[in-house]
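Take a look at these structures.
First subunit A sits with subunit B, and in the next complex the same chain sits with subunit C.
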Partner chain A sequence: MLKNGWKTLGVLLVAYTLWMTFTTPLKPGLAAVSPVSVNTGANLLEWSAYAANLSDSTAFFLTTGDGKVVSRGRVTHIDRSQRATVLFNIADTLPTQSLDAVCVNSIDGKLVLPGAVFVKNATTSTASKWTDTIADPHPEFGFVFPYKSMLYESIRNLNFHVTMWFALLFCMCYSVFYSVKNLGNNSWQSDMRAENGVAVGLVFAFIGLITGSIWARFTWGAWWVDDTKLNGAAITVLIYLAYVILRGAINEEQKRARISAVYNIFAFVMMIVFIQVLPRMTDSLHPGNGGNPAFSQYDLDDNLRAVFYPAVLGWILIGAWIISIKNRMTMVNRKLTTHEE
Partner chain B sequence: MVSIIKLIRKEMVLELKNKAALGSMLLYAVASIYISYLCFRRITDVPTWNALFWIIILFASFNVAGRSFDKEGNGREIYLFTLLSPEGIIIGKMVFNALLMMVLGFFSLLVFVLLLGGQVWQQADWGMVSLAVLMGGAGFGLILTLIAGIAFKTDNHMGLMAILGFPVILPYLLTLVRFSKNSLDGIDWSVNYPYFLTLLLLDGVVLVLGYILFPYLWRD
Partner chain C sequence: MKSKTLATTAVFVVLSQTVLANSALEETMFRSGKIYTFVLVAFLVFAVLVGYLIRLDRKLSKLERELENQSKS
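Moving on, here comes the complex of A and B:
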């Protein structure tokens, strides 16, 4: 029982991930304010929120980037707690032309949409006439996922898409470890492990590509975009497909084991250098690069972490389990066909 | 060290002796550039010019590197094996191929400018472009020699060469294309040098890996 405990743990973690990913609600947030571009003077702005509780007690503001209130709105109409029509009087002289939209109430707390409104004909002045700031009431939300514009509900995909690459990385390392071992001891068991690691890794890679592609279509508008991380993924898949073909091209078992091990190690090292170095030098659409909405250390929030890290471990354990089953299958097959031992 | 230099010399003599092989390499480059010329006439757009140039060099390099182990036919392989360490052989071949690709690179550059036009060179930094061609030759030579060593052990080695080589050379190619495009745009060295360092790093990694891994390929 204890010996197979890690398999149970893997299943439990994945089950936990699936349950949490699909049942956790999203935090409220501001989706859009229209029109985006306005003139000074009186303006009627249409606010739309997501999972919010807009009501008559909600206060609407336009603020500068550093939170100084420029105009306070007067609510004219609220529709089903998610849409509000608000009247704003915008002064002729403003600290900046680009304003953030902020609304506050006691249930949702402070919702901010940065750079929501652009005031076309305002003159800018740095005079510190605007000093009021808005306090966040910090209401208790319970367990919720963060709201990110662009991502919305698809933020849950983090637990499936990103974790696939961690599982793939595990399979790659497993495979390379046994390739190195194979060069040392020439045993068919090491070769088998290296091969099965690649086979399982490829499955994770394809799932990662599919989940990523759907996510990209939703957030960036295309099934495939030019991006260093996507190039890295594509190269990984190509390398391992080439590895499979190389194995198919050599008949002699010992030779196949050795040569494919050499290729595996070579390709792996090139890959690691590539994915470690190049994304640091170029912008990427992926979070944390080039000013995108990021899951980087400051805003991968704790609730998301509480599901994401177990998900990573869970998928890795499942991957290890599949590899171990494949290894046993290969060994049984070999015994049946060659009558060894 | 001495044996490596002797090996490089041996490769050079073999290459120069085999006029057909050397000629076929240059002809391959000229022919593909001429085909591009017929298709494009003049290219005034820097990214296109740059991309096409490197694609042609890449394919030519695959051709040249693909036969770098063919020369060791007729039992010469066994003779070398008894005489030298595999580490020496691979380093010798890698360095020779790198030098050969650099020559190929500069030759192609000349033909390319002659046929497809030099308008894109208005802002170019000549020194940096030359450096890009040198680095391109070095990287293609080093990486593809090791890949050729792997592919040579299979039955269908020209076909596998491409399948094994493309994914491995892609990181190098992507970095190189960016470095070279920046050089053509005349972007300052202080902005461009990280790409150069990456290329240098990848070259170093390939040399070390070749040194470590090739003995396992050679042992037969």
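Moving on, here comes the complex of A and C:
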């Protein structure tokens, strides 16, 4: 029973992930303010929020980047707690032309949309006429996922798309470990483990590519965008497909084991370069790339982490389980064929 | 077996993308804060994994049959 405990753990972790990802609500956020570009004087602005509780007691402001209030709005209409029409009087001289949109109430707290409005004909002056700042009431949200513009609810994909790549990484690490071992001890068991690791890893890569493509379509706007991480992932998949083809091309068992082991080490290094190193050296749409280490405080908040890390472990354990089933099948198959001879 | 699976998945990918390009469905994907983008992704993860497990199961059944035949003979 205890021997198989890790499988139970994997299932429990995935169940936890599923439950949490589906039931956790999203934090409120400010989605857009239109028009984006305005003139000084009286302006009627359309505010749209997500998962918010806009009401008559909500205060609307335009502020500078460092939070100094430039104009306070007068609400003319609020539609279903998510949309508000607000009248602003914008002065002729402002500290900056680009203003943040801020709204505050006791339920949602302070919602900010940076650089929401650009005042075309304002003259800029550094005079510190504007000093008022807005206090955040810091309401208690309970367990919520962060609001990110563009992503909205699809931020939950983190636990299903990103974790696939972690599972793939595990499978490939497992595979390359046994490839190295195979070069040392020349045993068919190591070769079998290396082969099955890649086979299961490719399944995860495949899921990662499809889900990534769908996520990209509805957030970045295209099925496939020219992004280093995406192309790197695609090349990685091709490299590992070549591994499978290479194995199929060699009939002699010893030779196949050795050659594919050497190739697998090369493939593993290429994968690390393509999906871990290169995206970090250039700009990428993926968070944590373009010079930043992954999972910085800006990408993940603590609530997301509390689901994401168990999800990673859970999917890795599921991957390990599938590999072990495949290994046992290969062993049975081998016994069968050697018995026949 | 392998080429059949690959062909099926290729057809599936092409189909899903043409279907999703349909504007009514596209609207669905963006509705309710893009929640359906997540639902589809989560569904696909399980669909592909279950499909793979069914394939493994079939292979295993074949092995079991062979084993049975062997023990008979």
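Details
Throughout what follows, the second predicted complex is superposed on the first by the 324 of 341 C-alpha atoms of A that agree within 3 Å, B and C clash if a C-alpha of one lies under 4 Å from a C-alpha of the other, contacts with A are read in each partner's own complex, and residues count from 1 in each chain.
In this section, a contact is a pair of C-beta atoms (placed from the backbone, for glycine too) under 8 Å apart; a residue touches a chain by one contact, two chains touch by 3 or more.
Since we're looking at a predicted model, the values are computed, not measured.
Using the contact criterion defined above for the overlaid structures, shared-chain residue A:77 touches neither subunit B nor subunit C, since it reaches no partner. Judged by the touch definition given at the top, the superposed model places A:265 against subunit B, while subunit C stays out of reach.
After overlaying the two complexes on the shared chain, residue contacts for A:305 are found with neither subunit B nor subunit C. In the superposed model, A:129 lies in contact with neither subunit B nor subunit C.
Of the two partner chains, subunit C is the only one that A:50 touches; subunit B does not reach it. Once the two structures are superposed, subunit B and subunit C can be ranked by residues of subunit A touched, with C on top.
Of the two partner chains, subunit C is the only one that A:152 touches; subunit B does not reach it.
On the side of subunit C, the complex with subunit A involves touching residues 9, 13, 17, 20, 29-30, 32-35, 37-38, 40-42, 44-45, 48-49, 52-53, 56, 59-60, 63, 66-67, 70.
Residue ranges of subunit A in contact with subunit C, taken from their complex: 18, 21-22, 26, 50-51, 151-154, 156-157, 160-161, 164, 203, 206-207, 210-211, 214-215, 217-219, 223, 318, 322, 325-326, 329, 332-333, 336, 339-340. Partner subunit A is touched in their complex by these residues of subunit B: 143, 146, 150, 153-156, 160, 163-164, 166-168, 170-172, 174-175, 178, 194-195, 198, 201-202, 205-206, 209, 213-214, 216-217, 219-220.
Those residues of subunit A that touch subunit B in the shared complex are 183, 231, 235, 238-239, 242, 245-246, 249-250, 255, 258-259, 261-263, 265-267, 269-271, 273-274, 277-278, 281-282.
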